[in-house]
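In the two complexes below, chain A is the common chain; its partner is chain B in one and chain C in the other.
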Partner chain A sequence: MEYAPAKFHKSARKLAPAGETFTYSPENQRRFDEIVTRYPPDQRKSAILYALYLAQNQNGGHLTAAAMDHVAEQIRCTSAEVEDVVSYYTMFFTKPVGKYVLNVCRTLSCALLGAERVTEELCAKLGIKPGETDASGTFTLLEVECLGACDRAPVVMVNDDWHERLSPEQAGKFIDDIRAGGAAAFTGCHLHKEKK
Partner chain B sequence: MAYEPVLTRHVGDQDAYTLDAYVAKQRGYEGLRKALTQKPGEIIDLVKASGLRGRGGAGFPTGLKWQFVLKDTPKPKYICCNADESEPGTFKDHVLMERNPHLLIEGCAIACYAIGAKVAYIYIRGEFYHVQQVLEAEIEKAYKAGFLGKNIFGSGFDCDVFVHRGAGAYEAGEETALIESLEGKRAQPRIKPPFPAVAGLYQCPTAVNNVETLCNVPLIMMNGPEWFTALGPEKNGGPKLYCISGHVKRPGVYEASMHTTLRELIYGEQFAGGMIDEHPFKAIIPGGSSVPLLLDKDLDTPASFDDVQKAGSLLGSAGLIVLNDTVCMVWLAKNLLYFYRHESCGKCTPCREGGDWLFKLLTRIEQGEGQAKDIDLLFGVASNIAGKTLCAFGDAAATPVLTTLKLFRHEFEAHVREGRCTIPAEWRARQPMLAGHH
Partner chain C sequence: METVTLTIDGRPVTVEKGRTVLQAAIEAGISVPYYCYHPGISIDGSCRVCIVKIEKMPKLQTSCSTVCTEGMVVSTRDAETVAARAGVFEFLLVNHPLDCPVCDKGGECPLQDFSYTFGPADSRMDFPRRTFDGEGVKADVDFGPTLMLNRNRCILCTRCVRFMKEIDTDAQIGVVDRGCGSEIATFQEHGVHSLLSGNLMDVCPVGAITTRDYRFKSRPWDNPTVVDTTCTLCSKGCSTSAWLKAKPEWAKGSQLIRMTPRFNPDVNGYWMCDIGRFNYHWIESETRLRRPMIRTAAGLEKVGWHDAEPRLRDKIQEAAAADPDAVRFIVSAHAATEELFVLKQMVQGLLGADGLKSVSMAWTRSEKPQPPNAKFKIPAANAPNVNGARDLGFMVGQGNDGPAPDLAELKAAVEAGRVKAVYVLDPGPDGSIGDLSWLVEARRTGKLSLLAVQGVVMTPHAAAADVVLPGYAFVEKDALFTNDQGQVQSASLAIVAPAEAREDCLILAGLARALGLDIAYQTSDEVRRALGGAMPGTAYAGAGTVVFTRPVPAASWLQASNPSERWKWDFMFQDLPPVKGHNVQLEGLAREGAGPNYIPLRQVDK
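Take a look at the complex of A and B:
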């Protein structure tokens, strides 16, 4: 009797599906090579979070096993070490996400001012539950922990942009605006308002 | 005499974040210039004399922290600036980095010189990407102007400041977890000792300081320790930033001396301006979600490290979350335990398992399905987390349960007795009534 299926080996276990072959674009390779010089030569692993951000952005918002293997090669560590990091931090995704990831802050100060209702409105508008992506692959809705802008509650972070003081009543319109204008709809951050 | 802001005097100006404005209006980089004419040990003595206490939460004297950094070692030394501002209710470092980044950059450079480091890493939370962009652009300008880099002011002192982006982990705000994360690992705390001052980043001597702490250093260099001490009560000197959120008219970051009472911060016209509507004050979390609640009777306490502690809570990160009587305390504890359960790094069993257990118990009670014995069980589980973990996270996670049980046990009992929440449904904070006020 065979001890284990011949083709299986523990090292073949991966956190995410393999995905297509992945290498950094020349631009991302240049940026990685530059960032890695910020750390001592024997401490390349310090650049792992940055390397993963580059890979995730290049891959359209999530990490595949191929992308993580590439990061491991760049850092000169094992794939398991990369997965160890990826599975810990909340800003890395191992499944495809929508073009716009809506992160609604749900912690106390935002919750006091209606964050739960914002989530409800967004769920109703998009027809999905928190943690899901809509059928068109445009929006992913997530509830996240304190974003550190409690004076501008309720806060929603869309990809890397912030939308502050998003009342439940405005939530539906916000989605319409993104559908119509894309990133041009990200006008809700105080920085955007100050630039005007 | 009215208090004159020093950390945030210019943050409202359009050009506040620029190098030119910093040099022109805030005598920018003069503190560093002055520091480089003195011996590193003299700077540590100055900071010690000022009594500057860490603004990240613990209130530990900064000068001492720097003094503990191992001197006789061939290894490089490091400054790590903790900009992983994640404590619920806290958003002061956010303002400093976005509107006054050069004050932090100068503080990093002086700190490096004082402890004998050549590199400072600013560990900023991943969600602050827009703040990071401002900060990195300004660091670039500081290099070009010769305030960072090689041979600063011809003194022979070299200093690099780098921004390191985190990726979403509350625990990375704990100093040894921050170091682990900076080394490219999961943000989990280390067993202490050795403390970072002996074996920190890459096992080298390291000082980890909060953003607001480092921002105070150039001010001490320029104005002297006596000026700093005179700004506040004894042992609580210097300017302080308060983050006020929740049910107040004007939530925001306010700078004041630590003479200012909690009541002034909530009701003062120059501060948060009072409660949001007709609903009266119920309680306040004075230092970020990890500290015990205070009540109306405690509000005349000055918001200083020592006075708030005497009143039975902690100033922590000075994140004041103000609550009115629409807030159900069982719901509040549940909301915060959801946070702690989610953010526990998983290293210590009491915190990892206990946080989840507390959340499940609170959910059961809040939904009206709890039994009387669940309340005692809550207390038992919470008491067995506090003090039994490697870092302060365990205590932080137990606190919302222990403090609500201590001050508002009757609300828990009412949930069990009535089988529902006893706050009128139309008052509930999660209703749109309050959310539409902006």
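Take a look at the complex of A and C:
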């Protein structure tokens, strides 16, 4: 494999967009205030992940500097500490993403069952490379590490939902299904179904 | 004190219970390298170079985060530890740019010193080194108004992150991203905006955070001597070190190149503020007063002391002839205790016991913008010696805690024409005595017949004065200052004052002699002995025996600056070449002086 210093040895970081003035909607503010009560008052920072998810969802899928400032204010920490968390976790985005974020697992079990080819098929179908968002702003394609569903490999996580056993051959159809039926196209997690 | 005894490298070491293995090794003088540990901030365990072998523990342990227990057997020198440590050093240098020749830290850099001592002889890194010049975010950037950040040099010890979180309590710095992409950053690249930002340069063990003030100005081998002194820019009185840069051999002499904090658990800990650290340029600036000046038709004219003193004497006697109360003094609280003592003797000699009424103390006060819970608080009073003036009996109102004095009474007396002559003693930087524009105005309109200014820089009131007498700044004289906790501290002579400037207490003594008083001090030592004799039973009783430090080799400074950072004097400044001709004026003093054994006054007192 060709060694690619340009890819690995440059800072990939970009500053988050400044964004417009951000405050929680009354609904989100109510939910945040409820979440915060689950933690001891001196460990208010523990609510930061949930606070960021509320902000990210309210902001259409990604976080802006204004949103991080608002979360810092709510959590009572500094914006730098919020950015610390945001940049650490892969499921917080600091640039606009599509309506559906396709996280293709590329770790061992999925890789053995063709995850790389799934990614290739999805790339070809959407006309993008991993890490990019398609022209319509509907899909963002990402490669991620183990999603913990090795028994149903290859697995794709779409936003907060699951799609199991996505063979390379079905990948193109999977996109069409999402376009046609939205979340109904996902198989969901089999364990959840069996529980019911 | 409960203690535990452990064995390190075969040596029994007894330490206070709760100390870590690294602290025990440092106290015992056993060399264990470390980066993320700093005695002033919390323990992190992220750099991994302090690993040691501890018997009965399955793996090598980070000594900085392992607490000593009774009977522990620690090895820092066995083959396993040495090899593992070398491995960690190889990793630390995988992406470090090794731009030591152009790095400000080069020569006083723990990464250099420890890598040479403990690291592998060469690197197996064949690939290009990581750089942070990515999209949008650059490697070598401004890091706020006082600092520069070079991300490529950073080894992610997170000392700066913890300093801001724990000492400044405004966590402006974070580690952004993760894994090999981790980098030190501020939110949206805003940089560090804090009055304690200079300390980040001190805690950074590599050249990642440097100060703009010192950037590219000097190298460690150019400033081989330092002087332990005391900062006088506010009432806190932090222990500091003044670094002297040797001028080229043909130029001789030395210049003040930077100020750094010196460990003092009673006052400032390991830290100092940016005001004291960066506000020293006025001392060797172009605006310094170098010669006495008297006003002639052509303006201020440079004269000798033998011209200035009689002129001043005549004018004062002329003003005092009709009414002794027509001569008043405005004294900055930047004046050292010696000066205040001589002044007190002079005014009491001239006006009797209540002569101190003719002296108005002056200083400024400003609330410093700091987070409410900051561990290092900068006082509001911008003068070092308000308490010294109070102890000598001068009127200081509520002192450091109260509002800065307003000179309304004096101002009214000047406007009403009751005061004819004002003598201003202003040995601080421009503006430190407060607003004296009314005095300049009174002199311009002729309400005052004499405005005399004894100071160090050309302030507006010096420019308007009839007689200007050049004094010494705080790093140019041995002097005592009493801080806001009432500690009498010594500030030592570090550099030589320019041209014909004279030590302030001797200027006052000379003036007193000219006015016919029997005040015969020839040196400030004599003043201090008299001060000690005049105030027995107080903190000043030992004033005559205070030991002032003299320029010492940087290695000696290191021992005093931070007793816990023993590695510094084990490793650094070991082979500095002697710099010929540096600091020639002071070399003699250093030989005569007491050497590097700094004895604070309060210890002498006990």
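One rule holds for everything that comes next: the second predicted complex is superposed on the first by the 173 of 196 C-alpha atoms of A that agree within 3 Å, B and C clash if a C-alpha of one lies under 4 Å from a C-alpha of the other, contacts with A are read in each partner's own complex, and residues count from 1 in each chain.
The rule is simple: a residue touches a chain if its C-beta (ideal position, glycine included) is under 8 Å from a C-beta of that chain, and two chains touch if they have at least 3 such contacts.
This structure is a prediction, so every number in the text was calculated from the model and none was measured.
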{"item": "Which of chain B and chain C A:109 touches, first, second, both or neither", "value": "first"}
{"item": "Partner chain(s) touched by A:135 [first = chain B, second = chain C, both, neither]", "value": "neither"}
{"item": "Contacts of A:183 with chain B and chain C, given as first, second, both or neither", "value": "neither"}
{"item": "Which superposed partner A:65 touches (first chain B, second chain C, both, neither)", "value": "second"}
{"item": "Touched partner set for A:84, first chain B, second chain C, both or neither", "value": "both"}
{"item": "Chain B versus chain C as contact partner of A:117, first or second or both or neither", "value": "first"}
{"item": "Chain C versus chain B, contacts on chain A by residue", "value": "B"}
{"item": "Residues of chain A that lie at the interface with chain B and also at the interface with chain C", "value": "84, 88"}
{"item": "Residues of chain A touching chain B in the complex", "value": "38, 40, 43, 45-50, 52-53, 75, 84-85, 88-92, 103, 106-109, 111-114, 116-118, 144-154, 157, 160-162, 165, 167-169, 189, 191, 194"}
{"item": "Residues of chain B that touch chain A when the two form their complex", "value": "14, 76, 85-91, 94, 98, 125-130, 160, 162, 164-170, 181-187, 202, 243-247, 251-253, 285, 289, 319, 321, 323, 327, 332, 335-336, 338-339, 342-343, 345, 429-432, 434-438"}
{"item": "Residue ranges of chain A touching chain C (in the complex, touch as defined)", "value": "3, 5, 8-16, 18, 65, 68, 77-84, 87-88"}
{"item": "Chain A contact footprint on chain C (complex, rising order)", "value": "127-137, 139, 151, 170-178, 180-181, 183, 185-189"}
